[in-house]
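Each remark here refers to the structure printed beneath this line.
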Amino acid sequence: MSDIEIAQKAKMKPIINLAYESYGIPSEHLDPYGHYKAKLSLEYVDTLSHQKNDGKLILVSAISPTPAGEGKTTTTVGLGDAMNRLGKKTIICLREPSLGPCFGLKGGAAGGGYSQVVPMEDINLHFTGDFHAIGVAHNLLAAMIDNHIHHGNALGIDSRRIKWKRVMDMNDRSLREITIGQGGSSNGFLREDGFDIVVASEVMAILCLAINRADLKERLGRIIVAYKSDKVTPIYASDLRAHGAMAAVLKDAIKPNLVQTLENNIAIIHGGPFANIAHGCNSVIATDTALKLADYVVTEAGFGADLGAEKFLNIKCRSSKLAPSAVVLVATIRALKFHGGIEKDHLNQENLEALEAGFENLERHLNNINVHYGLPAVVCVNHFTFDSDAETDLLKKKCEALGVKCIVSKHWAQGGKGAEELAEEVLSIVDNRKAGFNYLYENKLPLWEKIKTVATKIYGADGITAGAKIRAEIAQLQ
Amino acid sequence: MSDIEIAQKAKMKPIINLAYESYGIPSEHLDPYGHYKAKLSLEYVDTLSHQKNDGKLILVSAISPTPAGEGKTTTTVGLGDAMNRLGKKTIICLREPSLGPCFGLKGGAAGGGYSQVVPMEDINLHFTGDFHAIGVAHNLLAAMIDNHIHHGNALGIDSRRIKWKRVMDMNDRSLREITIGQGGSSNGFLREDGFDIVVASEVMAILCLAINRADLKERLGRIIVAYKSDKVTPIYASDLRAHGAMAAVLKDAIKPNLVQTLENNIAIIHGGPFANIAHGCNSVIATDTALKLADYVVTEAGFGADLGAEKFLNIKCRSSKLAPSAVVLVATIRALKFHGGIEKDHLNQENLEALEAGFENLERHLNNINVHYGLPAVVCVNHFTFDSDAETDLLKKKCEALGVKCIVSKHWAQGGKGAEELAEEVLSIVDNRKAGFNYLYENKLPLWEKIKTVATKIYGADGITAGAKIRAEIAQLQ
Amino acid sequence: MSDIEIAQKAKMKPIINLAYESYGIPSEHLDPYGHYKAKLSLEYVDTLSHQKNDGKLILVSAISPTPAGEGKTTTTVGLGDAMNRLGKKTIICLREPSLGPCFGLKGGAAGGGYSQVVPMEDINLHFTGDFHAIGVAHNLLAAMIDNHIHHGNALGIDSRRIKWKRVMDMNDRSLREITIGQGGSSNGFLREDGFDIVVASEVMAILCLAINRADLKERLGRIIVAYKSDKVTPIYASDLRAHGAMAAVLKDAIKPNLVQTLENNIAIIHGGPFANIAHGCNSVIATDTALKLADYVVTEAGFGADLGAEKFLNIKCRSSKLAPSAVVLVATIRALKFHGGIEKDHLNQENLEALEAGFENLERHLNNINVHYGLPAVVCVNHFTFDSDAETDLLKKKCEALGVKCIVSKHWAQGGKGAEELAEEVLSIVDNRKAGFNYLYENKLPLWEKIKTVATKIYGADGITAGAKIRAEIAQLQ
Amino acid sequence: MSDIEIAQKAKMKPIINLAYESYGIPSEHLDPYGHYKAKLSLEYVDTLSHQKNDGKLILVSAISPTPAGEGKTTTTVGLGDAMNRLGKKTIICLREPSLGPCFGLKGGAAGGGYSQVVPMEDINLHFTGDFHAIGVAHNLLAAMIDNHIHHGNALGIDSRRIKWKRVMDMNDRSLREITIGQGGSSNGFLREDGFDIVVASEVMAILCLAINRADLKERLGRIIVAYKSDKVTPIYASDLRAHGAMAAVLKDAIKPNLVQTLENNIAIIHGGPFANIAHGCNSVIATDTALKLADYVVTEAGFGADLGAEKFLNIKCRSSKLAPSAVVLVATIRALKFHGGIEKDHLNQENLEALEAGFENLERHLNNINVHYGLPAVVCVNHFTFDSDAETDLLKKKCEALGVKCIVSKHWAQGGKGAEELAEEVLSIVDNRKAGFNYLYENKLPLWEKIKTVATKIYGADGITAGAKIRAEIAQLQ
C-alpha cells in the first residue's frame, strides 16, 4: 500500500477527544479545524509554562542527506509511537510541510509507511492556514515599504537597497526576479524585486523562535527591510509601524497545531522554516508546550546533523533554553552505500566495501555529536527490505567499535512496534542522564540588545521604543 | 458602541450546536473552524438537493451607491433576523469580505450596528481560508503557464498574449504591472504581467457559479489563459492539464461556510467575486443550500440594482435556475439627498428639495425591477438619526404614488426588532406570489457548449475531452 | 533606369567650385565633406544676413497624401532646375532624410527620376553627420538626467515624470518601451523609458528653428525634461546645465549643407523634423541663407497642405519672419482617383468619375491656401505615363473654374526642361506680387517669454539666467 | 598654455595639400572632411598594397599604467615629429578617441603639450563619423535580431541567449542593464538587454582587423549573435543576412583618416577598439597604408606592455602579418615612484628608494619584450619638470645594467626637437635589424576556418556560403 492509501485507511480519533483523553486539554482551549486538526490556545500554553516539570527532549537527526532518503520524520513518528506503546507519555514535534515544493519536486512531509501523521492530505495542503497567514504578514510589510516610498518616502529608503522581497507558497521560477511598479506614477516607483517561497520568509523564522505574542511583535519590529542611500543606516519594520498589523495577521498562526499519528498519539506540527537559510525546525512554542504536556518529546531537525542539529542546538535551543537528552542519528544501509560511492540504481545490491567506505560519514556525525556537543547518540538504521544481514551486522560492529549502539528499526513496515528496541535504548539513555550539552560557539549579546538594555534604563520605556529613540539620537550625531 | 465593540460582546452559540438545533444538520457533516465557523460537507449539500421543497428567495439590492453609504448587508442581516423573530425559518446568504481592501480603504463587510454576522474579526481576516485557496489555485495555473513556455512551449503560447495574471489578497499598487522572468535563462522568459486582488480572480467567479466538484473542475478547465501567435486560437487551462490540481486545491473552499448573526440565526457566507468585473454575489451552492434548509432566504448583490441585481438575475439566477420572489430596495435619506446634488458634509440637514431631486434615482431602479424584471419591490429606508419626519413622509408619499411600499427600518439600532415592519411587508408579498421573473436578454447557447454537445455524441467521451478533439481537428483544417 | 542608376550616372561638379561659380561663396567658408557635400560657415551666413535684398520664397505643398505618392520633393527639384534653366538664380531647400525609416519602410528622400539631388546615397546614409550629432546631444541630456538622480537628485526630479526619452536613428520596435537602470545600485534607479527616432527629437525641431548658436543654446536650455513630484514644477535642461554641452556637440550640425541637383544647381539640405510631431520643414538658417544668396528659393513642407503648409506658415514663417510669395500645390491624377475611391491596384485605368470625386480634396486645399492664408496657388500635376488626356483636361477645366492655373509637369521624366511651363507660371505670379500672407491664429507671447522680458529688466542679466531667478522666487512663495 | 590653447594656435596646412606634398597622394583619392581631415580612398590603399617596399614599424608601449599618467600617445607624436625633423619620412598611426568617456572621466586622446595631433577638438568630438557609423552598423544587427524573433523566429533564436547587446557612444550607466520590448505585442518580445559603449563593439574590433571591404563583410557575417535553446547551436549575423547592410553602413568608416601633427607631419588616426576587451590598437588598414607610404611608422597600443603590446603582437600583427622592428617603452619617474609605493600627491618629491622599488615593473616589461618576443627596446623617460637629476641618473644606470638604453625625452615641452635623441637611438636600432619577433603562443586554425576551407573545396562557393551549407548538414545529423 502506498503512503496515501495507508493514511486514508487510518482510524483517526476526534482531536478534541484525543487531546482531552491523552493530556487533559479542555476543549475550550482547542480551536478545531475540521475534526482532526486543532489549534491550542496561547492562554493554555501560558498556563502550562508555569508548571515545574519538563519532559525529556530527544532529537532525531541524520547522516548527510542523499537521493536515497534516510527517514528522519518517519523515524520520529515511529519512535514516538513505540515509546507510547511502552507506556511512556510521548509527544512528537514536527515541521509543517511547504505547499511550494509539494507541487514541485518533493513529496509531502508527514512521515511514511506505518509511521505517519494524519490527516495527511490536509497537512500537506492548506492545513490550518499558518503558511497563508505568514505569506500575508510578509507581503503586507512589502506593500507598506512601496507605499511609504510612493507617499513621499519620509524615511529616505533607498529603493535599490530594499532587502525585503515578497513571498508566495508556490514554486514559480518566473517570479524569482521581477521588476515592479511599472505602468505610470499611480503604481509607485519601479524597482527590482522578487518572490521567495513562504518557508524562506524571515517571518517564518521569527514565528518559530517567538515565545509569545509580545515577543513575536517585537521580533517583527526588528526586521531590517532596507537601507538608506548612505548604504549603512537600516530601516526597520518598526520604522514603518508595520509590526503591529503583521502580528495581528499572525494571531492564529502562532498557536500550535495538534494532530495525531496513525497510532492515535498526539503530534504537534507547527512552523517550518527552511533549514538551508533559516534554522529548520518546528516552533519553540510547539516544543515548549510538548515538554510541559508529556514526559518525552521527540523532534527532528532539517538536513544532516552537521547543518540541522547544529542549528537546532546553537540557535533554537540557545534562544529558548532547551536542551535535548539524546540524539537519534538516522541512517540507511542504502544511503551509506551511496556515500561509499555507489550509484543510485545499484543501492539494493549487497556491497560491504561500499558500506564500509560510506561509514566514514556516519562516524564524523557521531563524533560531532559526542565530542563537540557532549550528547549521547543512538544510531537508528531505518530498515529497507533489501538490506542484507551481512550489511546490518557490519554496521552494528562498526558502531559498537565507536561505543555507540546501532539498532535496526522497522517502524516503516510495522509502526511503533517495529521501533520498540530503538525506544528502549533511547529511554535507557535519557532516563539515566541530565539534559544538557555544549554550544559550539559563544553567543555574544548583539548590539541591538545592548542598546535596548541601556535605552530602557535611560527612558524607562519598552525596549523597542527606547531603542528607536537612541537610534534617532545616534543618527543626529552623524 | 462601535461595530467591533458590539461584535465582541456578542453571545455566540457553538456553530455545531446551532446548526443542529436550527436545521438538524448532523455534526459529522460540519467541519468546524474554531467553535463559531464551520464548513458544510458537499455530501450533505448533495442530499439536500434531492429534497422537493425550496424556500422563497428575497434579494436585497439598493439605489446607486454613494459615499454616504446605503447598507445592503446590514439590511440583509436585519431583515433575516426580523423574519426569524416572526417565527419564519430564514437563512441569510452573504459574500465573504476581501482582505485586500480591508487593509486599505474599506471597512469590513459583515453588516453594522446591531445587524451583524459574527465572529466579525475572523470573517474579516482569514475566515476559513477560502480566499487563500482561491489564490493558490489561481497562481498555480499562472505558474504552469510560464513553466510550459520554459519547457519548450509545445502548445505555442504567445507570451505577449497571456490573459491570466497572478493574484494576491492585498492592495499592493506596486504589483499591478510588473515584468517577470528576469535574471537569466533558468528563470524562464521575460514577459509583462501583473497582480489582481483575489476577489477579481476568475477562479472566484467560477467557484461561485459551480454547483458541485465536477462542475467546478470542468469550468476551471474552460478558462482561456492565452492565445497563440495567430492571435485567435485560445489556450485553455485544460490544455495545460491544470484544472485537476486547481480543483484539488479548492476541495474545501467549495464547501459553504456557516456562521451566525448577533441574534444567533444561521448565516451562510461563501464566495465573494467583485461586482465590477464579475457577478458580485455569494456562491450558488450557498444559496441553493440555504433554500433547501430554510423557508426563506435573504441575500444581497453588489453595487446598485442596475449592476448588482442585473448580474444576480441574468447571470447567477439563470446559471442556477434560481428565482427571487421579491426585491428589497435599500435607500437612505442621506444618499437620496446626495443624488439630489448635496455635498457629503451637508447631508444631515433637512432638505426636501434635494430629496425630491434625488428620488429620480430610486424611481429608475424601481421601474427596472418592476417593469423589466417583473418583480415586486419594497423600498427599505435604512434609518439614520438625522432623518427628519418631513423627509421620511415625503419619501413614503412619493413611493406610494408609484404603487410601492416604503418602510423606514431601524435594524441598525435595534437589530431584528427594528426591521419587523419590513419583514411583514416582505412576507406579505412573497407568500402571495409564485417565484419568477423575466430575463433582460436571451441567453444563446455559447459555441463551446454546442461543440461539446456534438463532440460528445460523436466520440462518446466527456465534453471537455471530446471538445478538445474537435478543436484539434478544426485547427488542422486551417 | 531606376532612381539610383540615374543618380550614379550624374556628372557632379566639385561643390566648392560650384558654390563659388554660382554664388561667389569663398572656399574658406565651406567645409567639404568629400568633394560633393559641404557645410557653409555660420560666419558667412552671418555676413549674408546683413545684406538688404531677399529672394522670393515659393512653397511646394500637396494634396492629402496617398499610398499612390504625389512627389513634393521631386517637384521642388524639378521646379528649381526649370527656373535656373530660365536664367533665374534659384536655390532649393530640402529636409535631410532619416536613416531610421530608410532601413525600414520608405525609400530615400532625395527626389526621383531626373529631378534628384546628389550624391544620393550619401544624403540617404550618414550625409554630413547632422543626425548623429543631434542624437548625441539628445542622449547626452538623457544621461545627465539619470546621472543627476543617481547622485542625490538635488533638483527633486520625479523619476516617473521624466518627459525626455532617448533617441536612435533606427526603426527598432524593441526599444520603444523599455525599463532602464536595472542591475543594482551602481546603475542608477529603475524607471520606464523608451527610444524615439532622431527625427522626432525636440533637439531636431530646435535646431531647425534656431537662427544662430546663441539662440540654439538658449532654446536647448528651455527644454522641459521632467516635473517634480508636485506634478507641475518643470525641470529645464538649463537646470541640469546641459544646454552648453549640447550646443557644443551641435557646433557643426547647425551649419547648412550644400549639395547639387542632377542639373548642377545648388540645393541646401538641412534639418528634418518629423511633420507629424514637429513642424516638418528644413532649418530656418537654410531658408534664410538661400534667400540671401538667390533671387528665388523653392522649398517644401511635409505631408499635405493642411498639416505641412499650416505648420510651415504658422510656426516656421512666424518664428523667422519669412513669407512665401506663392504655393505650388502638387497633385497626381492617380492620387486624386485614390481620393475618389479607387483601390491602389486600379489607379492606372482612366476613370473620370473618380477623378471628379477626388477633386474635392484638391479644392479644399486650394481654398485653404487662397482664402485663409491669402496666398496665390498653382496646381502642378506631376505627370505619370498612364494619365489620359481626358483626365488631365478634366482636371485643368475644374481648376480653371476655381480661377487657379493647373499645369501638367514632366520633370520626373525630363528634369528641369519638363517643368518650364510650371516655372513660367510661378514666376509670373511671384514677380507680380509682394510677399505676405495671413496667420491662421494670433500668436500670444508665451508666459516664459514675458517672464524673461520682465526679469531682464529687473536683474539686467540675460533672459535665461534672470528668468531662472524669477522662477526660483516664485517657487519660494508657494 | 593648456593643450587646447596650444592646439588652437596650431598653424595647420590644408590636409589635401599636405598629403600631396608629403607623399604624393592625389586629391581625387582624398575625401576631405573640412579642410584639415580627410579619408583616403580604398582604391588608393589597394594600389599601395601592390608596392614592394614597406617601412619599418616602431611600437610605442609603456610600463603598467598609473593615475600619474605615462604618455604613450604624446611620445608617439613626439617621436614621429623628431624622426621627420631628422629627415626620415615617418607617419604615426593612432586610435580614434571615444566620445563616451570624454564626456565622462578621461580627457581626449590626441597627445599633449607640443606633441599633439590636430584639429584636436574635431578629433575628440565627431571626427569623420566613424564611431557613429559603427554604432549604426552594430545597432542595425541588434534591431534585426529582435525583428526576426518578432516575425516568427524562423531561426529558433533563444531570446535569453542573445549575446549581441546594443551600443551608444555615451557613458550612460542607466542603459547598462535594461529590459526591452515592453508595451504590448507590437513592440516584440520582452528580454533583458543592455548598452555598451561603441569602442567596446565587436564591429569596432572587426573594422580594425579587416583588410578590405570583402574581408570586412565576411568577418561581420561570422559574428555570433545568439544561441538556440539547445544552448550550443550558434546564430550568426549571416544567418540574419545582416552583414551586407552592416558593411554598406561602414563603407566610409573603413577608409583611414589623415590629419597632421602640430609640426605638420601626417598622422593616420583610424579605429579604436578598447584594449581591455578587444585588441586596443588602430586599424590594420591604417598601419598597412602608412608602411607603404612612409619609411618609418610609429604606432602605439593601449595599456601597459603586458596587455597592449601582447595583443598588438599576438593578435593584430599575426592577423595582418605585420612585424615591428623595435619597441619604445615609455615610463615616467612619477609613475615608477607610484609603482614603488608613493601616493599620488607626493610624486613630485625626489625619492630614489621608491624609484628603485618601482623599477621592478619596468624591468619585467623589458624582460618580456626582449626575451619572450625577441624585440629590442628603448626606454623613453617622458620628462616632467619635477624629475630630479639624481632620479634620472639612477634610472639610466639601472637600464644600462640591463643592457637597455634609457633616454630622457622632452617632446611634451619642446615637440619633435625634444625627442631627437630618442629618435636617433630608435633609428640606430631599426636600421640595423631585420623586422621580426616571436609569438607567445601558437595560433591554431579555428574550426570555422577549417570548415570553410573544406566546404569551399566541396561546393566551389565562397567560404561563408559553403560553410553555412556544411553547418546545416551537420545540424541535420544531430
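The letters A, B, C and D name the chains in turn, as written, and every chain counts its residues from 1.
We adopt the following convention: a residue touches a chain if its C-beta (ideal position, glycine included) is under 8 Å from a C-beta of that chain, and two chains touch if they have at least 3 such contacts.
Because the structure is a prediction, the values reported are computed rather than measured.
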Determine the shortest chain-contact distance, in steps, between chain A and chain D.
2
Going through A-C, B-D or A-B one by one, find the pair whose contacts repeat those of C-D for over half of the pairs by residue number.
A-B
Quick one: report the Å distance separating chain A from chain B, using the average Cα coordinate of each chain.
39
Which integer distance in Å separates the CA centroid of chain A from that of chain C?
72
Overlap residues in chain B, where contacts from two or more other chains coincide
179, 181-182, 191-192
Pairwise, the chains that touch are A-B, A-C, B-D, C-D
Residue positions on chain A within touch of chain C in the complex are 152, 158-161, 179, 181-182, 184-185, 189-192, 229
Would you pull the chain A residues touching chain B in the complex into a rising list?
31-35, 99, 103, 125-126, 129, 132-133, 136, 139-140, 142-143, 146-147, 150, 166, 168-183, 186-188, 191-194, 245, 248-249, 251-252
